[in-house]
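Shared chain: chain A. Partners: chain B in the first complex, chain C in the second.
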Partner chain A sequence: MAKAFRASAGIMLAPAVTLIGVFVLLPMLLTIWLSFQDWSTQTPFSEASFVGLGNFHEIFGPTSVGRDFKTALLNTAIYTALSVVLILPLSVVFGLLVYQREVAGGTALRTVLFSTYMVPMIAVALVWSKLYAPSEGPLNQLLGLVGIGPQPWLSSPRSALISIVLLNVWQQVGYFTVLAIAGLTQIPGSLYEAATLDGANGREQFRFITLPLLRRTLLFSAVIAIINAVQVFEPVALITQGGPVGSSNVLTYHIRRVGIERAQGGLGSAMAVMLMLSLIVCVSALFAFVNRKDSE
Partner chain B sequence: MSAAARSLSRKRPSGRKALLATAMLLVAVASAFPLAWMVLSSLKTPAETMQVPPVWIPRTPTLEAYEKVAGVVNVERSMWNSLVIATVTTAGILVTSMMAGYAFAKYSFPGRSLLFSVLIATMFLPPIVTLIPLYRMVGSIGLSASLAGIIVPNLANAFGIFLMRQFIAGVPDDLIDAARMDGASELLILFKIVAPSVAPAIAALALFAFVYHWNSYLWPLTVLQGNADAYPIVISLSRLLSYNRGAVNTGLVMAGATLAVLPPLVLFVFLQRFFVDSIVGSAIKG
Partner chain C sequence: MSLARISKLALAAALVALPATGWAQSVNISYLTHWSPETVALLEAAAKDFSTTHPNVAVTVRAVPFGDLLTTLRSQGGSSDGPTIGGIYDLWLPELARDKLVAPAPDAVANEVKSAWPAGVVSAASVGGTLYGIPNEIDVYALNYNKELFKKAGIAAPPKTWAEFKDAAAKLTDKDKGQQGFGMINSWAAGVVHPFASLLVSNGGNLVKDGKPALDSPQAGETFALYEDLIKSGVSNPAMATADANTTGPFLDNFVSGKTGMIIMANWWESALKTGMGDKFSQVATAPIPVGPSGDKPHSISYSWMTVVNAKAGEAEQKAAWEFLAWLNSPKSGKNGASAMSDILMSMGILPSRTSDIEAHKDKLGSEFLSGYVSVLADARPFPVVLGGQEFSESLQQTLEALQYGQVSAKDAQANAQADATSILERAAK
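Let's turn to the complex of A and B:
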């Protein structure tokens, strides 16, 4: 019987394991291998020649290759940090608005918020490029109504990246709101009842019950938000092309430009390895931070 | 309902309620505004889209912009390509995820938890990390510039396996054992007995996969290398912006965006229950 199940397990696992092995794990290992090679993406893998840490020296070096990569790495870090810092608090606030039962309409609000997550990023980018239009765009018009002058949005090096963060937050916050609601439903109501009896007010209850018990949810949200943020591509590829003056050049866009369009496969792979390492470091640091808080 | 809400509402109930309602309305408006603006602008005349201050509601709604989109890109062909890509990919993901999810949930075999961890780790891998070698691999097996090149590498994914394992684990073993006693094969048990009892999770996975692959842009753009016949709608759409830069094409862009947004949004509106439940399920159980 056990032997028969082992055979069935093999059959059941074969399709998924083969596909993920060939199309995800193998290319991941190839990326690591290629990062130590001089290789043009237009040639077979067999043409690659070993250069040790040469690619890494170059992408962190003083030439234009190094400058561009370091800018893209920094931009991605800023973009990711801003996205997480905006999305997490908003998701908790919106989650509380949906979850409360004093005013009707929570479920309708959830539907509206989550619907933006269904919209293809390319459509988001197109629509927001028009919302941000300097003169005829509605955002500057609305700001004018409350007495704020027109903003350059995507056309200035100082605001292009943050403008893309904002459209990303708009698109994704609904998904994280649903995660926050899932976390809120896990908090036992008896805790609030006890706190009320002890005379804790709403703010104290939020600080000492809601927030600590949402920590696991927020950790999960932060990890997903980071992974999503480093994938930003469409608005940059479509609207800013990384500009003005490199101010919105982010890693997914830059790695594709170097590794596919310029066919510098070795350099692009080294950049991809750095991205992977940065992610591992960030996520591990987050887990360590939350675990230390837990043991306090 | 929540005791916190009840205790809070005891003080100054009416002012608090007004504040809450206003906050909810503001959030809803901010969230809905860009899409409302998109649809409204797609119905404007070219002159209206350029007007300053902007025209909020078109005076005489017109489908002119939609006709123009059809003149610039092959809308029917692109929508068909998107439909093929999303449907075939989703079907593949469903089959591979159910099979693997069943194995992880109901069999014990050596290396099970290690294999599961390795597969789940790929869920957190941004696609750009594998893009360069994958592009070369797909090219060297002759699949580049084709729909097959877009579809084949995506026929299985870790999220689907994870979701299916979570839900299939909850199916009672007795149900499966009874079918085995009757001599049913494992595949038959999976598709005839296990699948119906996790139908909502399968629906959720189908919707997620469909929307994700309908919307997906980076991989199709990379693998197609300019073969316009195979463009999904999101790539055709991106060409509308370069077709005629500036305000003149606003209506055109908005009409194109509306067309691309409709299928996933309609699916969501009708089936949002499944989406929300499965996110909640995967977050809590995970």
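Let's turn to the complex of A and C:
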């Protein structure tokens, strides 16, 4: 009986497992194999030659290849950390504001917040590159009205990456607000009523009821925000091309430059493997942290 | 005659006629370029003219931004369904030829090119003596300056030496008005490297000599030091320098709005300046690159573009593509003995490279803006076309940008640039 059950389960799972194997696992394994090869993306796989850890040695080495990779890795880490740190609290704040059903215009505000997520990145890039323009840009003109001098935004290595982060936060916060609202709807109203009867004020209710019960939602939001941020490509390709001085050069954009533009498939694959490993480590650490908190 | 016999004869006749029918069928070829929609329309009109004499060949034109051109060629050029013809920058040719993405020119085309184009341009379109493309444009760098700002600053003539150049840049700088004397470029590899290389060759130096990087020379050291001086003295502001190959961004905005006194740019810049400045375009003048303390006379950097044919395209498509390109670049296709290609290029202010095209466009090439470029062409040094050239260029861009933003000293920038270039060119040559 159990044998027949296992066989039928296997048959039913086979299509999905095969598809995942062909379209997800196989490309991943191929990328890992290529990371140990010297291979031009313009030649067949048969022309790849084994170089062991040579590509990894190169991308962490002192030459321009290593320097550019390490800069791109660091930029991606900064971009991801800043994006998550800004998006998650803002999404909770906006979620709490919008979730107040009795507030007039709540639905309209929710629509406006989510609409930024639906705008195509090319349109966002065009508008924001003009907003950030050093002399005639509206942002600097607004700052001028309150007595703050013009900021270099995208023109300075100190602020280019942060400027891209702000653009990302503006575009993504609506989506994460919707997730936060979904989490808030799952919290029973009776808990707040009981807390109110017990004399808990709004801040205490947020700290001891809302935040703990939003933990699962926030974990999901954090994982999605990290994956989205690590995969950032479009704003960099459309606005800064990684500059100035490589200050906004993120890994996906750099891998495209190395692997496709320069056809250095082995080096590009080694960089992609490192990106994948970094992502796995980050997400696993996050899950481990939340699970530990849960067990406490 | 029996029915069976008639059927056999009909089948045999059909088999014999099949290859001829195949040749008579239309051939579709595609042309990948980075030109603007207005220029693409001119190319499409030329393709239409071609189809009147070649009704079986249909040419479609596809345009992508310059920044995506190489990626598109690399990602789609390896397939028979990729673009049949591609317009490419000469620096990309060695690697595209090594990876067998571009087809060698047929003998007839190669012989025509070798006899009708200057030898230097032919060599930039060749790898190991084999011609891969039909050259079309040549670009050269010169000093552009705003005559109105020069007049206001009391500068009578464009600078001829680096000393005069630094002096003029200081006089043109007015920080209260947000005005800089000399505009550098950042965020775009060729835009950063070519003006630097033009100053370097005008100081008697080279980027690459005998296939090896030559950035450790005293002449290169002086050029890095010049950049450091210009930044430290405040006559060049890197925050005003962002640009891309589509000539958008603060670099263009600042020059067209009269906030930058001098820049070093190529001739193809003319159309962007005209669009940005309107009537004020007449304020722009061109002069040779100022000569450095170790230089003998003004030189500048030149580079060329060419059209290549996809080596993976079918035989009929390749044949049609070479026929189209030979026609497009021949004196028969344009006006008054010029090629249709040169007419398209001249609409953008780009210098054609075919000898007969230069003659045919003599009048327009004598305009105040372009004549300054034509005059420096004879002493221009071609940008080194070597394996790894694009990576070398991007690496030098990073170093120069770090120098612009004060992250490294001129001395360190020179050492880094030489070390990086050595490692890149050695790896590419393996």
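Assume the second predicted complex is superposed on the first by the 270 of 296 C-alpha atoms of A that agree within 3 Å, B and C clash if a C-alpha of one lies under 4 Å from a C-alpha of the other, contacts with A are read in each partner's own complex, and residues count from 1 in each chain.
In this section, a contact is a pair of C-beta atoms (placed from the backbone, for glycine too) under 8 Å apart; a residue touches a chain by one contact, two chains touch by 3 or more.
Predicted model only: the values in this text are computed from it and were never measured.
Between chain B and chain C, B contacts the larger number of chain A residues.
In the superposition on chain A, contact of A:Leu213 is made with neither chain B nor chain C. In the superposition on chain A, A:Ile260 makes contact with both chain B and chain C.
Within the superposed three-chain model, A:Ser155 lies in touch with chain C and out of touch with chain B [touch as defined at top]. Once the two complexes are overlaid on the shared chain, A:Val85 sits clear of chain B and of chain C alike. With both structures placed on the common chain, the touch criterion links A:Ser135 to chain B and to chain C. Of the two partner chains, both chain B and chain C are touched by A:Thr41.
Once the two complexes are overlaid on the shared chain, A:Pro244 sits against chain C while remaining clear of chain B. Common to the chain B and chain C interfaces on chain A are residues 41, 133, 135-136, 237, 256, 260.
Only residues 67, 70-71, 74-75, 78, 95, 99-101, 178, 186-188, 238-242, 244, 250, 253-254, 257, 259, 390-391, 394-395, 398, 401-402, 404-405, 407, 419-420, 423-424 of chain C touch chain A when the two sit together in their complex.
The residues of chain B lying in touch with chain A in their complex are 1-5, 7-9, 13, 16-17, 20-21, 23-24, 27-28, 30-32, 34-35, 37-38, 41, 49-54, 56, 95-97, 99-100, 102-103, 107-109, 115, 118-119, 122, 124-137, 140, 152-158, 161, 186-187, 190, 211, 214-215, 217-218, 221-222, 234-235, 237-238, 240-241, 247, 250, 253-254, 256-257, 260-261, 264-265, 267-269, 272, 275-276, 279-280, 283-284, 286.
Chain contact summary for the complex, chain A toward chain C: residues 40-43, 63-65, 68, 133-136, 152, 154-157, 237, 240-246, 256-257, 260-263.
Those residues of chain A lying in contact with chain B across their complex are 5-6, 8-9, 11-13, 15-17, 19-20, 23-28, 30-31, 34, 41, 44-45, 94, 97, 99-103, 105-106, 108-116, 118-124, 126-131, 133, 135-138, 141, 170, 174-175, 178-179, 181-183, 185-186, 189-190, 192-193, 195-196, 202, 205, 209-210, 217, 220, 223, 227, 230-231, 233-234, 237-239, 251-252, 255-256, 259-260, 265, 268-269, 272-273, 275-276, 279, 283.
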